[in-house]
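Labels run A, B, C, D, E and F following the written order; every chain starts at residue 1.
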Amino acid sequence: MNLGELLPELVKGLSNFTLGNAVMITVSLVLIYLAIAKEIEPVLLLPIGFGCMLANIPLSGMTTAEGMMGALYGGIRTEIFPLLIFVGVGAMIDFSPLLSQPKMALLGAAGQFGIFGTLMLAIVLGFPLNEAASIGVIGAIDGPTSIYVASKLAPELLAPIAVAAYSYMSLIPIIQPPLMKLLTTKKERMIRMDYAPKPVSQTALVLFPVLITLVVGLLVPDATPLISMLMLGNLLKISGVVDRLSKAAQNEIINIATLFLGLTIGATMSAASFLNLDTGKVLLLGLIAFALDTIVGLLFGKLMMFLSGGKINPLIGAAGISAFPMAGRIAAKMALDEDPDNFILMHAMGSNTAGQLGSVIAGGVLLAIVSKLI
Amino acid sequence: MTSNLLLSLQITALGMGLVFGAIILLSVMMSLLTRFTADKETASDSAEAGPVTITPIPSPSVIGEHRAHAAAVAVVMALAELKQSQAFSEPQTALVSAWQLGMRTRQLYQKGLPLARKTQKAGQE
Amino acid sequence: MNLGELLPELVKGLSNFTLGNAVMITVSLVLIYLAIAKEIEPVLLLPIGFGCMLANIPLSGMTTAEGMMGALYGGIRTEIFPLLIFVGVGAMIDFSPLLSQPKMALLGAAGQFGIFGTLMLAIVLGFPLNEAASIGVIGAIDGPTSIYVASKLAPELLAPIAVAAYSYMSLIPIIQPPLMKLLTTKKERMIRMDYAPKPVSQTALVLFPVLITLVVGLLVPDATPLISMLMLGNLLKISGVVDRLSKAAQNEIINIATLFLGLTIGATMSAASFLNLDTGKVLLLGLIAFALDTIVGLLFGKLMMFLSGGKINPLIGAAGISAFPMAGRIAAKMALDEDPDNFILMHAMGSNTAGQLGSVIAGGVLLAIVSKLI
Amino acid sequence: MTSNLLLSLQITALGMGLVFGAIILLSVMMSLLTRFTADKETASDSAEAGPVTITPIPSPSVIGEHRAHAAAVAVVMALAELKQSQAFSEPQTALVSAWQLGMRTRQLYQKGLPLARKTQKAGQE
Amino acid sequence: MNLGELLPELVKGLSNFTLGNAVMITVSLVLIYLAIAKEIEPVLLLPIGFGCMLANIPLSGMTTAEGMMGALYGGIRTEIFPLLIFVGVGAMIDFSPLLSQPKMALLGAAGQFGIFGTLMLAIVLGFPLNEAASIGVIGAIDGPTSIYVASKLAPELLAPIAVAAYSYMSLIPIIQPPLMKLLTTKKERMIRMDYAPKPVSQTALVLFPVLITLVVGLLVPDATPLISMLMLGNLLKISGVVDRLSKAAQNEIINIATLFLGLTIGATMSAASFLNLDTGKVLLLGLIAFALDTIVGLLFGKLMMFLSGGKINPLIGAAGISAFPMAGRIAAKMALDEDPDNFILMHAMGSNTAGQLGSVIAGGVLLAIVSKLI
Amino acid sequence: MTSNLLLSLQITALGMGLVFGAIILLSVMMSLLTRFTADKETASDSAEAGPVTITPIPSPSVIGEHRAHAAAVAVVMALAELKQSQAFSEPQTALVSAWQLGMRTRQLYQKGLPLARKTQKAGQE
């Protein structure tokens, strides 16, 4: 036989390398750079970037159904990866600031407006309803929820939505402070909040995840998987009787799920599927959703300020968007910058955890409405 | 298009309504929950509960004590951290041996064998 | 369009909520309460209870084939979860007390009578053979074995059998002592047992799991999966050369398998499948099997006492049922209560580990016979 | 029904027979196993073997020494625990570095560099 | 009914036990003995041996498609196990010795000749091309690569190839030193190598895995899965920003994958599939490949010695075969034995890591060529 | 057969050619990489990088200093080990609490509360 005919086989990698691949590999290198050099959500952006790189090496076979990434994708199709991550996150969340100041919960509802506002905008831009809804959820800056909703309603947009949800988390210190300064006066930002919460008993902390699961589950069945896994993780930790499981959730389970989720999401970023106008629109609309969430959250914070006769610092409204726990942290930091003695972290975290609940509920509501309409 | 926009407006109204409805319900539930389960030794409880539990302390209005509060919080946090660090570094003993050892310990404390008791401690550190 | 038609969709959770769901959710709350407040086998009852709660939230979609619980169920269909748990358990068992007193092994055989006695009783009550056999195995109070046999012979009874096997483990301190007092005299319970075992060499401890796997595997092929994974775990630990694997078995592997197994078992407890007379019968028969196992174990213990001329304390007979390691602990505790200087823990654990072997063998034997007959 | 009962009786007889048969075989196997592998330094062995290993000691009949036995057992247990606790807290070093380090250590012990040796120890603690 | 007809069922284990099973169980016991008593690669030989034992217990059902081993085999069919092991290995490799002396890389190419030499030999012995190629890769003494290539080209030979690849790793101290003494003079072995490498910056260490993945991926697409997972692990560790993931890769992920891989490989060693002349030939040819790799590596080392005017110690050539990290260690040890002050470990590890890259590339090249030709 | 042999010869030639080609390319890439990224504080860097990183030190030709080099290497290795051991035994804190704690710590350092700071340290050890 003649080895000459082997030549095309031997250069197949290069001969199938497209400009699109080059662009996407550049994107992947940027993601990896941001993760390592800027430490922007490295736990997710590093695997996503690496997966993106793999998806744009021609004919590696990794992203075919039989390939490793194809096999791992099952963890997204069955939603097991995002849900397991929520188990771990739940085991790391502390709901006592929220439990001790239940009215903070309202901020977690207001903070979801951007999701719907962006949905409207996306509809205007001509996105079909299912895609518009998935895009809006980016506003919650809540990775697992965004991935869960997108994989159900618009899997074709999974990659840009996941990338947006996770990378925008890192834009919080850049996006939110200006909006806060714009929408609140220095005087408002300096409002001190007395921290005199009702004491929270261990019993309440244990009952909380169980009741939340039941109430939300019965009201918004489509939100059950997300809310229940979040609450399961919280129950494992707070119950104090299953240390082995709680540690497994906070370590091996979330670590492995995060690595695999990141790689798999990244592996969907092939030039063919990612390099198009829609991706740009999605990223932009996601940013708008994020900003809208923040704005409406702040405005609602101001409303509560007025209603409470100036007892509530409007900054904590911005923490209601979810983006847990960064948004809560930034809100407290802003108050601290204005006045080094103004500690509103407890209140901000209360609003922030409420936002986490709110975005899961909003996601479930959207799933219910949209899946019925399409 | 306009119909779509109309639809999306309806969805927004409906959606935000449901979200607010659910959240309000939850916030009511929470107030009831905290009211009916309120108890004393919360601080210690929550400190044990894990690394991210915050001890709610009836906070005074004086600035100086605001600091004190933050300090207290941070201390509790740090202690919780410390607790957890021990929790992590201590051997995840096989349940079985834990049981057996636990039992023997009981027996020994009944009779008090200093040596055994000492090694025991070592075993647990 | 008219959103009015969405209403049914929005209240689907509540409108599909049945009385049965309410009952089962109460059951789940009880299980969670027992796990947390009473610390009854929390590592399993907490996930089982939570899974049960999820299974009774209508239309959550979690228990459908595509849902998370549906996906995790594969770990039971392939028996991987119970078998992985056995790997971890094996790495936590110490067989030296048994090896040093081989005749103790007989108690592990006697302790299995209840399995067959209950099988007969179940037949009389009209259960088909496959279900009767699965119910009998509850008597071993050995979760993985019960789940393994049930999932092979009568998957429809998996939930009640699993719940019984694990929750009865916690009834040992309540059920066994009275039977012990009833069937043994104070004088018998005070029998001191000289502890002069043959010395056990490291070599013997290493050869043990290998030989057990071979002998049991060749005699009772259907018991191979259970016995071999138990022995694999034991070999990983005792060999001392694969610390990484031994620790993985005792930690990440068993923790993850336990969490998933619990959730999945719980998720099978839907009102439709769980709320029926059979469940009640199963739970009751399981209790009888448990008691029968204990009684026959004690009687056989007395027999050995007579044959040995009063050198054997009959209490250790009760440890032969399996229920590892609780039963062994209780037997020793009873002797200690009668006489604070009467240490029979070594003997009780010998009998108890024999019971573990016995119940696995009994399970395999039942599988062989029944799968042939049905 | 009666046929079913009869059948279940047969199954019981057969089943218990098989279980007893298998267990008796195993117990014979065990006695042979222990007889042919018996050796001296069992105590240390089994202590290393893991947390739940019990040291078989020819036990005396005197009560006081019964106590002693229990004490001994408990001590061994505690030591095993301790051992294991160290096993767990010690770094799960990358095999590679372990090898390389191990090798260098050998070299250094050959020449004896106190500093290196000290740090070495630190490294292993 | 008549229980008599049950008898065949009850002795099925023994009645189906073949001489072949006996032989293979002996083999399994030898593997387990070597793992425990001789500590030869226990982390893999122990599970392999145990799996082999299980595969030869008749009718245990564990190796059927529904059985546990059948289910775990999916981890090999999708190549997930070997690739996850590479993620962990990558997180344990340090490439700085190679980066600081790039010309060492050449030794990693020369060390792959045995793969092709053995391929020729196997062809002569009448093996089809796909099997011949898979056998040759044993020469790299690189488990995951051998398993990956074999499972793609000749799954029927998976078991003997895996066993060879892992057990020969332990023969390095026996096979290589004589060849070294044979092919090098004492004077050559005593050559001191100045260790004055270019300084390696953290930046270089981080860029290395990314660039290697891209370059190798584009040149040899079939090598992408192996090289990329190796480099992903390395990047997780060296980046220093994802400790959780790096630790997960070095612990839970590699431990679980190793245990399952070993068991599954072992489970393919049934008498029927393993006991035949081909197995013997494979083991023998693997040994030859190993020796050839070493010899050519040494000769190339001598060549470099001459070209460098005696500045390079030929021993490090033997480390180019891969067999990471044993081969590098042995080479350094040999030099040390001749002269207790001759430290060439850095150079040997450089050559050894290059060998690791080389064997992965060679594997990919073979996959490309052979899958095209057959 | 001979054709097969011929084929395998061609494969060998082609294969080794490709392997050498690729490796040579990589080695060029590596030299460029190290050349263009060379920087000063490598030692500390690589020591942090992990347990298996070796500190490249321009090695002298004198034997005695050869020893010194080996010692240095071994020390760095041991320290790296030690580092890692701590890395492993330190609690894998919940991110959340880490963040919150981190923040509070900042606040406290600003105002300096000795108690809190002390506990802090404990928390990290």
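Quick note on the criterion: a residue touches a chain if its C-beta (ideal position, glycine included) is under 8 Å from a C-beta of that chain, and two chains touch if they have at least 3 such contacts.
Predicted, not measured: the structure shown is a model, and the values here were computed from it.
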item	value
Count of contact steps on the shortest path from subunit A to subunit D	2
Relative to subunit F, chain with the most remote C-alpha centre	C
Chain whose mean Cα position lies farthest from subunit D	A
Where subunit B and subunit C are represented by their mean Cα positions, the distance between them in whole Å	32
Gap in Å, rounded to a whole number, between the CA centres of subunit B and subunit A	24
Of all residues in subunit B, the ones touching two or more other chains	7, 11, 14, 18, 50, 52, 67, 70, 73, 87-89, 92, 94, 96-97, 100, 104, 107, 111
Multi-partner residues of subunit C (each touching 2 or more other chains)	1, 6, 10, 92-94, 219-220, 244, 247, 251-252, 343, 349, 369, 373
For the subunit A and subunit E complex, residues of the former touching the latter	1, 6, 9-10, 12-14, 17, 25, 29, 32, 35-36, 39, 42-43, 46-47, 50, 53-54, 57-62, 66-68, 71-72, 251-252, 255-256, 258-259, 263
Subunit D to subunit C touching residues, read off their complex	1, 4-5, 7-9, 11-12, 14-16, 18-31, 33-35, 37-39, 42, 45-46, 48-50, 52-54, 56-59, 61, 63, 66-67, 69-70, 73, 87-88, 92
Contact footprint of subunit A on subunit E as seen in their complex	78-80, 83, 206, 210, 213-214, 217-222, 224-225, 228-229, 232, 235-236, 239, 241-242, 244-245, 247-249, 252-253, 368-369, 372-373
Touching residues (chain side subunit C, partner subunit D) in the complex	92-94, 96-100, 102-106, 108-109, 112-113, 115-117, 119-120, 123-124, 129, 132, 192, 194-205, 207-208, 211-212, 215-216, 219-220, 237-238, 240, 243-244, 247, 341, 343, 346, 349, 354, 357-358, 361-362, 365-366, 369-370, 373
